[in-house]
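So the structure is just underneath, and the comments pick up after that.
All chains are identified by letter, namely A, B and C, in their written order; residue positions are counted from 1 within each chain.
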Amino acid sequence: MHRQLMKGNEAIIRSAILAGCRAFYGYPITPASEIAEAAAIYMPEAGGVFLQAESEVAAINMIYGAAAAGERAMTASSGPGISLMQEGVSYMAGAELPCVIVDITRAGPGLGNIASEQGDYHQVVKGGGHGNYRTLVLAPHSVQEMADLTALAFELADRYRNPVVVMADGFIGQMMEPVEFPTTATSPRIPKWAVAGTEESRGNLISSIHLEPDKQEAHERQLEAKYTIAQRREARAEEWWTDTADIVLVGYGIAARILKAVAAEARAEGLRVGVLRPITLFPFPAEHFRRAAAHAQVFLVVEMSNGQLLEDVRLALNGARPAEFLNRMGGNVPSHAEVLESVHSLAQQIPPAEERQGLVAHV
Amino acid sequence: MDALKRDRGHLRVNAEECKGCGLCIEACPPKVIRLTERINHYGYRTAEYTGAGCTGCGICFQVCPEPGAITVLRLVTPRSGVPRRNHTATTGAI
Amino acid sequence: MSEETEYEIALSRPKAFYSAFERKEELQHQTHYCPGCGHGIVHKMLAQAIDSLEIQNRTVLISPVGCSVFAYYYFDVGNIQAAHGRASAVATAVKRTRPDSIVISYQGDGDLAAIGSAEILHAANRGENITVIFVNNTIYSMTGGQVAPTTLLGQVSTTTPKGRQAGNEGYPLHVSELLATLQAPVYIERVGLGDNRQIAQAARAVRRAVENQARGLGFSFVEILSPCPTIWKMSPVEAQHWVRDVMEKTFPLGVLRDLIAQAEPRPVPRPAPSLDEIPRILGVAPPAPAASAERSSPKPASPLDLQVRVAGFGGQGVLLLGEMLAEAGLDAGLEVSWLPSYGPEMRSGTSNCHVRLAQEPVDSPLVAHPDVLVAMNEPSLIKFAATVRRGGWIVYNGEAVPAECPAEGVHILARPFTHIADELGDARAANMLMLGALLEIAGSLPQASVDAALMRLVKSPRWLELDERAMTRGRELFQEAFEGVRR
């Protein structure tokens, strides 16, 4: 095992290149710029392309071109830049082009500030561009996951021919932790559908146009079918003690790290507390929530946004259990103390186990 | 027929492709293209060769917006007098 | 007369066109363009160029948004349809990913000169080895005739019903002249479709622009003044004459850039390294077995669980101090995390980091209540002193902790570390002095791991020597103050 201390933002590029990515087009923005800076060093060394584009709009369209030509391609940005890229993301979903987009989130709306927030949830998870499409979204909570989920993102992007977003907050991007990489690099073949300037690919067309309403509808239904399969196969979550939890803490990214610390302390106090951490935000791990709801009494959603994750948790629970809410915004992080206080408060409201024998059957 | 009277060129108009824009008629130096009186089933009065006087210059082909509405042919083996023109099969020299 | 035997076909549908337009919903034998449209004429000269250069298999055509959005109906080449205005950006990446392809970006004046003005300017400025065919008909045709950047002064459009006024919409944009101010483009020419002579010149220009790319010479751009009889409400022949008699007065024809004779073929990209080399290039390859055995450090003598906050002002080496501790911990086989000051904390030039060393995977990398606070200046001390857990430590860069500082139940080592470092040789070594003291508090972290971290993070021999001395001195300062006291 060869573990190295590394920033999340630096781990991403190494993992991407090991996964066969040879095209990075981006535009600087704090707190994602280190990803472009690492790409500027390593992409040419690995025989790939790095280019700083004139805007995020241009960058995502360069990704469109590289992906259309059959290359594993990626970009990285933060909220304001992701907003500008949404046109291109919609086109890529429509044209069924794979790519990986890294969003190192910051506080908003507008210029906001460069501190960590999770307010990009809606624009990324719900598909911030126009039309009927989704992006697959992975939410790392450690430097090791920055590497692992970036590699997974390329696999999923190719499998579903769809953009995949790796959404991390600035903490996960900036912090250093031990990380281990695969010892071998992979080199995917040029896909059969790509337009690669060759005789074999001459008959190929990359486009998102279907003039006839029936054909457009068929196309959109086929996209929807892909998302349904992804929902069935790709939903991922990490569960800490949820099988024996009365209170399930829910969060992703840096918030999930705090929840783990709180849960450990609460368990030490004898409280039945668990953590359910969505790893995929789309597809949302709804099944994990339904399972946990079978015995948990209450869910506490902790996020650094205005209830955007809460909405999906409530949809997943579908009224089976209450979902309480604790959030901080503007670049503030929910503190260990305030989460623990909420846990204590909820614990007092939960009837003792012997009094609620009859309740579980309703779920 | 006397070879000396042969035209150097000849042209065909595909009435299915022609949209009757008239650019070839305007462009033709010897003015040997005209619009037909007929209307094709798309509703266009299409261009047609008058049948004589084509020099094979190819200008009508170059100004025609439709990919294959006009085909220009050139005389291959004049029996006497008129030298064969150099040209490539598709691009010509205009 | 038997034309079959005596005449041969000289000019016919170019091979670069499909024989039937099967991607079209209906009327698959003819284009979707209106009678007399310039696009059809330009398509044909482009197809002829592809045929004559024998590059059909290598060609990738980028179609824009506008009337020519469906160029892929017609060209039997690789086709990519791009978002409005973005064709030059898409073309850039296709060419860079597939340098052997011939990439042609086909764009209209709304697409290229308005919404795509940034993309074309920068593609040209980078000298991308692509060919751009810019069809200028002074109007947004597909959307029904709105004003374009290229609309002539006084010209009526649906959004300039009284004609374009310079005071409201500005002047017609001269894209070719604009691009000709850049250094990188190899070839820029404006041609027209206004009469036979102009059309012949346009065909030559298109061929040259494609040939330049095939020869690897660089960015080539052809602007083509083109008729739109439908939106202009003219007959095809009137529209053709309007190009020559009116449009050309605003947009003079001619070559604006020709460096073809001087241009060198662009360098061929270096061959990609083999896959086996990639981990080494990325610096993630495991060390050779011999080296790693040599480098293997002893494990900590006793279990270690340490939460540290390091704070000071930018330039004091706060982050490096923390990173050194984390690196040493990792070398000693511990779980570690290092989190730099970030966001609202990162104000007025202050800097701090959270470091955790633990036996088990670190849950939260945020250190709310440190075991040790390393405060490199007074504001950091004041800000964080109260957060130190009871029984913890403060290592402070100053003569003494100010009386008002809340530090009850906490051990304190206050020394003027900056002055001491200055005496050692460089005031900037204060961070390593304080790290030395911190290591004494941490106790069981093996010196070999600290040395390994130092070797990894400090490259200059002068600093390596100084930092080692500073760390040793820091340990001594701690021992002098707390003889026999260990955490």
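In this section, a residue touches a chain if its C-beta (ideal position, glycine included) is under 8 Å from a C-beta of that chain, and two chains touch if they have at least 3 such contacts.
All figures in this text were calculated on a predicted structure; none of them were measured in a lab.
Chain centres here are means of the Cα atoms, and by that rule the chain farthest away from subunit A is B.
Judged by contacting C-beta pairs, the busier of the interfaces A-C and B-C is A-C. Computed from the mean C-alpha positions, the centre of subunit A lies at a distance of 62 Å from the centre of subunit B. Remark: subunit A and subunit C have CA centroids separated by 21 Å (rounded to whole angstrom). Chain geometry summary: the mean Cα position of subunit B and that of subunit C are 52 Å apart. Taken in their complex, subunit C has these residues touching subunit B: 1, 3, 6-15, 17, 27, 29-31, 33-41, 43-45, 47-48, 51-52, 74, 196, 199-200, 203, 229, 235-237, 240.
On the side of subunit B, the complex with subunit C involves touching residues 1, 6, 9-10, 16-17, 19-23, 26-27, 42, 44, 56, 58-59, 61-77, 87-92, 94.
Residues of subunit A touching subunit C in their complex: 2-5, 14, 17-18, 22-23, 25, 31, 42, 45-49, 51, 53-55, 57-59, 61-66, 68-71, 73, 87-88, 91, 95, 107, 113-116, 170-171, 174-178, 181, 183-187, 195-199, 201-209, 211-212, 254, 257-258, 260-261, 264, 330-333, 335-337. Contact residues on subunit C toward subunit A in their complex (touch as defined above): 23, 25, 56-60, 62, 69-70, 72, 76-83, 86, 89-94, 96-98, 100-103, 118-119, 121-122, 269-273, 275-276, 278-279, 281-287, 292, 323, 326-327, 330, 335-340, 342-344, 362-366, 368.
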